[in-house]
Structures are given as C-alpha cells and as structure tokens.
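Letters A, B, C, D, E and F name the chains as they come in the text, with residue numbers starting at 1 for each one.
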Amino acid sequence: MSEQWLTSLITKTPQEGYELAIKLSRMGVKYTQPSDAVRSKLRPDYSENSENLIASSQVIATNFQTVSAANNYWRD
Amino acid sequence: MSEQWLTSLITKTPQEGYELAIKLSRMGVKYTQPSDAVRSKLRPDYSENSENLIASSQVIATNFQTVSAANNYWRD
Amino acid sequence: MSEQWLTSLITKTPQEGYELAIKLSRMGVKYTQPSDAVRSKLRPDYSENSENLIASSQVIATNFQTVSAANNYWRD
Amino acid sequence: MSEQWLTSLITKTPQEGYELAIKLSRMGVKYTQPSDAVRSKLRPDYSENSENLIASSQVIATNFQTVSAANNYWRD
Amino acid sequence: MSEQWLTSLITKTPQEGYELAIKLSRMGVKYTQPSDAVRSKLRPDYSENSENLIASSQVIATNFQTVSAANNYWRD
Amino acid sequence: MSEQWLTSLITKTPQEGYELAIKLSRMGVKYTQPSDAVRSKLRPDYSENSENLIASSQVIATNFQTVSAANNYWRD
C-alpha cells in the first residue's frame, strides 16, 4: 500500500489508542480485500451479525494490547 | 466518537479492572455497529447463544490482560 | 455487579491460579448473561459440545496467562 | 477439584513444557465437563474433525506461551 | 521451504511492521497449502467472506504484536 | 510421546523460528490425533478450506510469538 496511514503507535490518551486499534483492525481487512465496492457490499454482514461483531471486538482487543504496550499503558 | 469514555486504564481493584475490560469489549461492538436499535435487536443472539457467550468471554479475557498489565496486576 | 467476587489475582499455588482463571472465564459469561435461568438452560450446549468445550478451554488459557503473570509464575 | 494435578509450571525441557501445555488444555475441558463418560463420547468429535483439531492446537499454543514464559524459555 | 523470505523482524516504520505482519500471516497459509493453484482457487473465499476477512485481520493483529515488540514499538 | 522432538526454542534466524512455530502447531494436532492414517484422511480439510487455513495461520502466529520472545526477536 503506497498510502501512508501509520506513522506511530503513540497516542495522547487511552481512548485515542483504542481508536487506533480499531483503525489497525480495519486495515487488516482492507489489505486482504482492497476493493471498496466489495467491502461495502459485505458491511451488513459485519455490523448486523452478532458473531462477526464479537469477532471484530476480538481483533480490536488484540490490537489494543499492542497499542497499550507501546504507550506504556499511558501510566507515565 | 466524540464522547469521552476512556481516560485511564488504572483501576482501584481487580474487579473494577475486570469491569473495565467488559466495557472495552462492548465498545468494540459499539464502534463497529453504532446503532443502538440494531444492537438491541441483536442482543438475544449474544446473550442466549452459548457460542457467542463464550466468544464474548474471550474478548473480555483479552482486554483483561491489557488492563491487568496496566495496573501491574494490582500487586503494588 | 454489586457483589464482590475478585479482590486479588494472587494465589498460593498454580492450581489455585488455574481455578481462578476458570472463575474469571465464567464471570465473563455471567456478566453478559446475568440470568441464572437462561445460563442453566444453555449449560448442555457448553458442556456437551466439543467445539464449545475447546472454546471454553481457550478462554481459560487466556485468563491463566494473566493470573500466571500476576503471580510471577509462582517462581518466587 | 480436590485432586492435586498442578504444583509447578517449571519443567526440565521445552518438550516437557509443551506436554504440560497439553495437560493444561485438557484440564480446561475437564473442569467444564467433569463427566468421563460424556467426554469419552465426544472424543471422536475432537480428534476426527479438522476444525476442532486446529482449535485444540490453538489452546495448546496459548498455554505453551504461559509455560514457556514461566521457564524463561529454557534459556538459562 | 528453501526460499529465504524472512531475515529480520526489524522494520523502519510501524507501517512496514504492519505489512511484515501481513506477510507472516500469508506465509502461514502458504506453508499449510503450498500449491499456488489451490490457494488461487480459494482466494474468493478469503476476500469476499466477512467471517474470513475478520479472521485474517485477527492473524495479522497477532503477528503485529510480535513485530511491534521486536521493534520496541518504534519508540526508540 | 516418547520420541524427542523439541530440545530448544532457540533458532539461528527468524525464518527458522517461524518454521519451528509451524512444527509446534502441527505437534498440537498430532498429540490430539496420534493416528497418521486419520490425520492423512483429514488433510484436505485443512489445506483446501479457507477457514481452516486461516485458523492454522493463527496457531502458527501464536507459536511464533513464543519462539520470537525466546530468541529475543533475533535482535542480539
């Protein structure tokens, strides 16, 4: 992907960190299915299906572990 | 999301930490499906289906790892 | 949940730590489905279905990582 | 469980550590379904189904992370 | 695999690290199914199915944890 | 298993580490289903099914975390 979308894992607040985790999770989907049209067509499958919503939250949780560790849990 | 919902990962007790992990897990769903109406409609799928309940507990466990590490496991 | 059920992640032995991990896993289900009656009805789905048993063991394994780290792997 | 089955996470070799990870994974199933008869009946579901075999290997991998960290990766 | 494809986990930027995580995720598939022809045939299953896209993003997230830790989260 | 198959988690290169992660993942299956004949029969299920291929890559990613940490990410 030639577009630059990730220059740092550091965020000011935990909430921004969580939102970065969401972005990371979505980019995993985007790299695997680059077509905007196909992803749009699939969107209801994601967002109106309980199993997929929970699985999405699992991906976010995994990426949030990474972002949280990068930010030393915003303890400093 | 303009609403501020996460200002710190630090909690006083492990139980509050676990409850924060639950909140993190639910927010992952909420960001993916922002409509309250749709989420309400899906609620029985979550809470009356064994597979989804276990998957929800998995997301919570993953977020609890993050919160526990942030709090140095409440050992201090 | 007003009931206090988790005051420490520290246990005397690895086995007690594993049993705490089981409790954490079950509480994830209980917070998501608070009704004792519904959970009782679902119990056979959990305990007589291979896929769900393996998934339950996965949640326990994840929580056991947390409890083990909290206890410094009972090496001290 | 009154039976004592886990007194230490320390093993002499990585292979013994891997085998302990397998034991931990199986105990997660056993605590959830204590009946030997039911587990025996389910055994073919575990061991003759690709999806379940992969999921079992996932649980083992997660527990092996814990055991490996406990043993400082057998580097000492 | 005699081909050399992974000589370092160190990358210059987080984005390159994320892209390495994608490569690691794909290699896991390639080692399990080495035939280019079979993988090509399966591609629509991956990229046009919501559940599989989320699962792919989960694998990437897991590998990104590894790459991020290797790079000390690009904090230095 | 009386056969000795894992004496160290240390490898010379990240690629050898990745290949060790694959071996660990396969051994998880082999311990659960020791019969070569049954595993051979199941092989097409693994390698010609998208969901199973992704799940296999997930197990490998988890084991690669362990092997990478053991090798201090080959940074030394």
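Just so it is clear, contacts are C-beta pairs under 8 Å (C-beta built on N, C-alpha and C of every residue); 3 or more make two chains touch, one makes a residue touch a chain.
Quick caveat, the model's predicted, so the values are computed rather than measured.
Visitor: State which chains count as neighbours of chain B and simultaneously of chain D.
Guide: C
Visitor: I want to confirm something about chain D and chain F. Since they are copies of the same sequence, is their interface symmetric in residue numbering (over half shared, so same) or not (under half, so different)?
Guide: different
Visitor: As a test of understanding: of all chains, whose mean C-alpha position lies farthest from that of chain B?
Guide: Of all chains, F has its centre farthest from that of chain B.
Visitor: Chain C and chain E share one sequence, so how far apart are they rotationally when you fit their Cα atoms? Give it in degrees, rounded to a multiple of 5.
Guide: 180
Visitor: Please report how many Å separate the Cα centroid of chain B from that of chain F, as a whole number.
Guide: The answer is 31 Å.
Visitor: Whole-Å distance, chain A centre to chain C centre, using C-alpha means?
Guide: About 27 Å separates the centre of chain A from that of chain C.
Visitor: For chain A and chain E, let me know how many angstrom lie between their CA-based centres, rounded off.
Guide: Averaging C-alpha atoms per chain gives centres 15 Å apart.
Visitor: By the touch rule stated above, which residues of chain B touch at least two different other chains?
Guide: 46, 49, 51, 55-56, 58, 62, 65, 69
Visitor: Quick check of your reading of the touch definition: is the inter-chain graph here a line, ring, star, complete or other?
Guide: Per interface graph, the chains form a ring.
Visitor: Could you walk the ring starting from chain A, turning first toward chain B, and list the chains encountered?
Guide: A, B, C, D, F, E
Visitor: Under the stated contact criterion, what part of chain B meets chain C in this complex?
Guide: Residues in contact with chain C: 13-15, 18-19, 22, 46-51, 53-58, 60-62, 64-65, 68-69, 73-75.
Visitor: Name, in rising order, each residue of chain B that touches chain A in their complex.
Guide: For chain B paired with chain A, touching residues are 1, 4-10, 24-29, 31-33, 38, 42, 45-46, 49, 51-52, 55-56, 58-59, 62-63, 65-66, 69-70.
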